[in-house]
Amino acid sequence: MDAEALIIFFFCGVIMVGAGVLVSNLVAPRSKNDQKDEPYECGIPTQGPSMIQFKVGYYLFAILFLIFDVETIFIFPWAVVMKKVGIAAFIEIVIFFVVLGLGLMYAWKKKALKWE
Amino acid sequence: MNWLYDFTYLTQSIHESLSRNFEQGTVVLIEMILVGLAFMILFALLGLVLVYAERKVSAFFQQRLGPMRVGKWGTAQTLADVIKLLMKEPLINKNADKFLFNLAPYIIMITAFMTMAALPFAKGLQALDFDIGLLYISAVSSLGVVGILLAGWSSDNKYSLIGALRSGAQVISYELSVGLSLLTIVILTGSLQLSVIVESQANGWWIFKGHIPAVIAFIIFLIASTAETNRGPFDLAEAESELTAGFHTEYSGMKFAFFFLAEFANMFIVSALGATVFLGGWMPFHIGGWEVFNNIMDYIPPIFWFFGKVSFIIFLMMWFRWTFPRLRIDQLLTLEWKYLLPINLMNILVMAFLVLMGWYF
Amino acid sequence: MDNEEIKKFVLDRVAEAECTDGVQFLQVTVPSEKILQLASELKSNETTSFDFLFCLTAVDWPDHMEVVYHLKSTKHNHQFVLKGKINTRKNPEIETVCHLWRTGEFHEREAYDLFGIKFLNHPDLRRLLLTDDWEGWPMRKDYEDPINMIEY
Amino acid sequence: MKSIINYFKEILFGLKSLVKGMAVTGHYITHPKEIITQQYPENRESLKMFERFRGEVVLLHDENNEHKCTGCTACEVACPNGSIEIIPKRVEIDGRKVKAIDQFVYHLQMCTMCGLCIPACPTDAIVMANTFEHAVFDRSKLTKILNKPGSKIMDGIK
Amino acid sequence: MEEIIHDQELESKEYFINMGPQHPSTHGVLRLVLSLDGEIIKKVEPHLGFIHRSIEKMCEHDSYTQIVHLTDRMDYLSCHINNEAVCLCVEQALQIEVPDRVKVIRTIIDELTRLSSHQLWWGVMGMDLGAITTFLYGFRDREMITDIFEETCGARLTMNYNVPGGLFFDIHPNFQKRTKDFLDYFKKKLPEYDTLLSDNVIFTQRMKGIGILSKEDAISYGVTGPTGRASGFSCDVRKHHSYMAYDRVDFKEILDTEGDCFARYKCRINEMWESMQIIEQLIDNIPEGDYKVPTKAVIKLPKGEWYQKVETARGEFGVYIISEGQKSPYRLKFRSPGFSNLSALDHMARGCKIADLVAIMSTLDLVIPDIDR
């Protein structure tokens, strides 16, 4: 089967969730209640908005991930041909990793890896 | 019984008998529906079996009996749970972003389905066999985090938001380690195609053939994949003692059930991936020179080998979950960025060196 | 320091203090205005150094209120009871001691909550156990609540 | 250099501690005999409470449907929560009017099982029973009348 | 990177979260209002009173025997010790000297109570940190103690075994054997606690250096019990104001200087060993004698005031009785350890993360009815 067949699996997911939610909507009881509309916060009304600008710390890791994930993409083709190319590939990857390692060390020393 | 050992005949004979009776387009359509149905059934079965297994295994770890009431030894417990969840009222709180809120479970389930498609279950039993299978799996499986982020953000709940952001930071971090630990083996196989990776282990699994670097890579893979599936001890996204239920606090009924199911499906996917790459997929266990032993091993059908290995890894993951306390968010990120990632990079170099020198079997 | 010495120490500072030798502890009652000054001296003075306030409570007497401080010195291992007498039940007020003993923060809030004693200069004097809109001071002897109290 | 050695030492010790923890849980999963769960409704036959267990107050009756309660209300006074209520009546014994109980009302929903009423009783008429299955669907069923219908006080109890 | 983090534009807004009253890790109905910056806690504000029953007010109408049973409902995990505090206070006021037998039995049951409380704490603490299995193991071992209690005292949790002047009834004939069996069993199981949590690298890293409380702060906040002793505050009532049979047994007061979560954890684990040692010294030497001194049916205390402190599993528990000569006290104050310990929470949790707050709360070992009374 070809990559186009992925569309089946896409629709499998849609159908499965859709069917489940539909059946549940049909059989589940419904009752209206003001308290049910409230977000759950241990039984106390929420103070202030919930969807806000949030701590930047989480996003820093996303940025770091971007840097390193691009590197990983570079390693993928290398890994495939490593066996065939031999010593040249090895030397190249050592250089590549040294640069990558320096980047990681830089982030480490800059305390970007420390969660605050 | 031959089909049990090689599914190629089975699929081919189905294809041929269909071609004889229908046109080309209809055949493709019917085959698509068959495959889709098969995977949906597999999903439902996985949910039923894994949830039951988790409850029983956790119970035995904790010196309990676990579910015992519904069915013999509580085997129908999950089914009863599904029925209960179907009957639950679907709730959406008033400030939630209703579209995204409803969309989140779809995204999670779709990614799970699309990842599952590329797994080789047995010889000839693989829906999609890309030549970049490994890359494809690691790319698609990380999309699941989008669903978690959406779920957390759209619920308009503070616990959910924190849970989702934690999960985001966690999944993308550990994505790296999963990819790199798999790459360690790719150096040996020289291919990203999963069927080729499995075939290359006909004379021995990579975890044995690849020496210590392969073992290290396997350990890293175990840790990182546990984290990537948001399972304990890395279940920060739904840390119930801190965030009540994390990103799915606001979900009820069937939508919650899909988050729950997706967690187990993801667990199955990463275990299957680990089994395929490190433990030889559906290849039987062989010891060089022991012919009788090898013949007995060959007698066990490949599909059992595959599911046996997957259950082994799943059991390990359950063992982790029911033994360790949860990590804190900074510990979690430290573990990834300061321990797993550097070790992984070094490990790849060592493996490359081994390959260069030909020091592997 | 034994009881006699503590008694002398207090009497030196507050002449109108009433001392009774209880069965266990020495009990010293001083007017509420003198409490803060005496307390800070009891804490800071080397010979007394009462650094551990292990119990703070209030008592509602028929004609006056009393705030009771059980003090102990972890250094000298002596203890005694200091009482601040507030001569009114209507609007009782007393200086806070929570900057001397941080445990006072909660204990004073509790006393305010249940007895209505106002602790002056307390950083955050609000109801602690009861809801903010509760009326009355439940631990007072004349408190009536026909709904929540069981009649005996 | 030292920090690098420490780095690897840390990893090794960490892994070792994790494996040790897993060994404990691993021990229990391989020893299913140590399971402590009791299947409650199934084991009702063999389940026996200790004799001193305080389940609920009962008024003892003998085979002649006679009890020892004189209606002195000592237990009512001793009870901290007002879960015992004695409704007295006057009965005529040998031509004398004597106080006796009409109803010994026991509010199980208020009882805290402190057992203070038992030593308070001067005639040892009441005891704590070992029952523990008190769940009912209607709260009013928890209010019990302990003296059986038609029962009367034993002879010689004053 | 720091420049980016502290840039005003990117600063997140203050975020209020209610933790409790219906939250898995507040162990009951405690409500904490957290103000957060990301995951960092800026302030913790406890809101109490969700199960405030005004036990002190109720006591003003009850007789002294009845008061004893009310204290079960405060700190239900060290109920026997609470009972004992009231009994001791009344006995002191009446100047009753209880027989040796009572003293020893009370001490043994005190220590068993402490053990069972610490076992439950250990289990729950593991569960708070995400290791759910510990919860079951803690309860498994606690079950043996509750069985001992049930056989001797008649109830598993709210035992009400003390009465002013002695005990409700004599110990059960099986008591000694069962207790010894339990000690033998638990000595094998306690090292397991260490392997599961104390040595675990995740656990130690989550605990060490978190929620530090200095000795001065501990004293100032009135933090007692294992929590205070972990900060170096020598506050063991059993040592300093010995009561019952504690003066005749040999035991150590567990002190630590770190004052962090791990020190508090260690303190409790070591206290379990000490408790077992105390029981071992006494269990074979229960003197013969009466289990109760006869008291009047209606106990009336003379005019005056008494304060009695005991060491519960959570710290110093005090009973302050002011009597006007009636059958009920004029004023009765319970100095509960949880209340003072909780007051230090804000001080300890500032600057920590949400996960740390959970750890700090577990190591404080709060019992909410004890705080609310």
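Think of it as A, B, C, D and E in the order they're written, each chain with its own count starting at 1.
The rule is short, and it goes like this: a residue touches a chain if its C-beta (ideal position, glycine included) is under 8 Å from a C-beta of that chain, and two chains touch if they have at least 3 such contacts.
Note that the structure is predicted; figures quoted are calculated from it, not measured.
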Seminar exercise, completed: Output for shared partners of chain B and chain C reads E
Exercise. Taking every chain's C-alpha mean, which one sits closest to the mean of all protein C-alpha atoms?
Worked result: E
Problem set entry | Selected pair, greater C-beta contact count between B-D and D-E | D-E
For this session: Provide the C-alpha centroid distance between chain A and chain B, rounded to the nearest whole angstrom.
Result: 15
For this session: Could you give the separation in Å between the centres of chain A and chain C, each centre being the mean of its C-alpha atoms?
Result: 58
For this session: Express in whole angstrom the distance between the two chain centres, defined as the mean CA positions of chain A and chain E.
Result: 44
Seminar exercise, completed: Residue numbers in chain A touching two or more further chains are 41-42, 46, 54-55, 58, 107
Exercise. Using the touch rule from the top of the page, what residues of chain D touch 2 or more other chains?
Worked result: 18, 21, 24-25, 36
For this session: Spell out all pairs of chains that touch, sorted by label.
Result: A-B, A-E, B-D, B-E, C-E, D-E
Exercise. Which bits of chain B are touching chain A when the two form their complex?
Worked result: 31-32, 35-36, 39-40, 43, 85-91, 93-96, 102, 105-106, 109-114, 116-117, 127-128, 130, 135, 153, 155-159, 161, 165-166, 168-169, 172-173, 175-176, 179-180, 183, 186-188, 190-192, 244, 249-250, 253-255, 257-258, 329-330, 333-334, 337-338, 341-342, 345, 348-349, 352-353, 355-356
Problem set entry | Sites on chain D touched by chain E in the complex | 13-14, 17-18, 20-21, 23-25, 36, 49-50, 52-54, 78, 80, 112-116, 119-120, 128
For this session: In the complex, go through chain A and note every residue touching chain E.
Result: 41-44, 46-48, 52-58, 60, 107, 110-112, 116
Exercise. Which of the residues in chain E end up touching chain A in this complex?
Worked result: 1-2, 4-5, 10-13, 15-23, 31, 33, 37-40
Problem set entry | Partner chain B, residues of chain A touching it in the complex | 1, 3, 5-6, 8-18, 20-21, 23-25, 27-31, 36-42, 46, 50-51, 54-55, 58, 61-62, 64-65, 68-69, 72, 75-76, 79-84, 86-87, 89-90, 93-94, 97, 100-101, 104, 107-108, 113-115
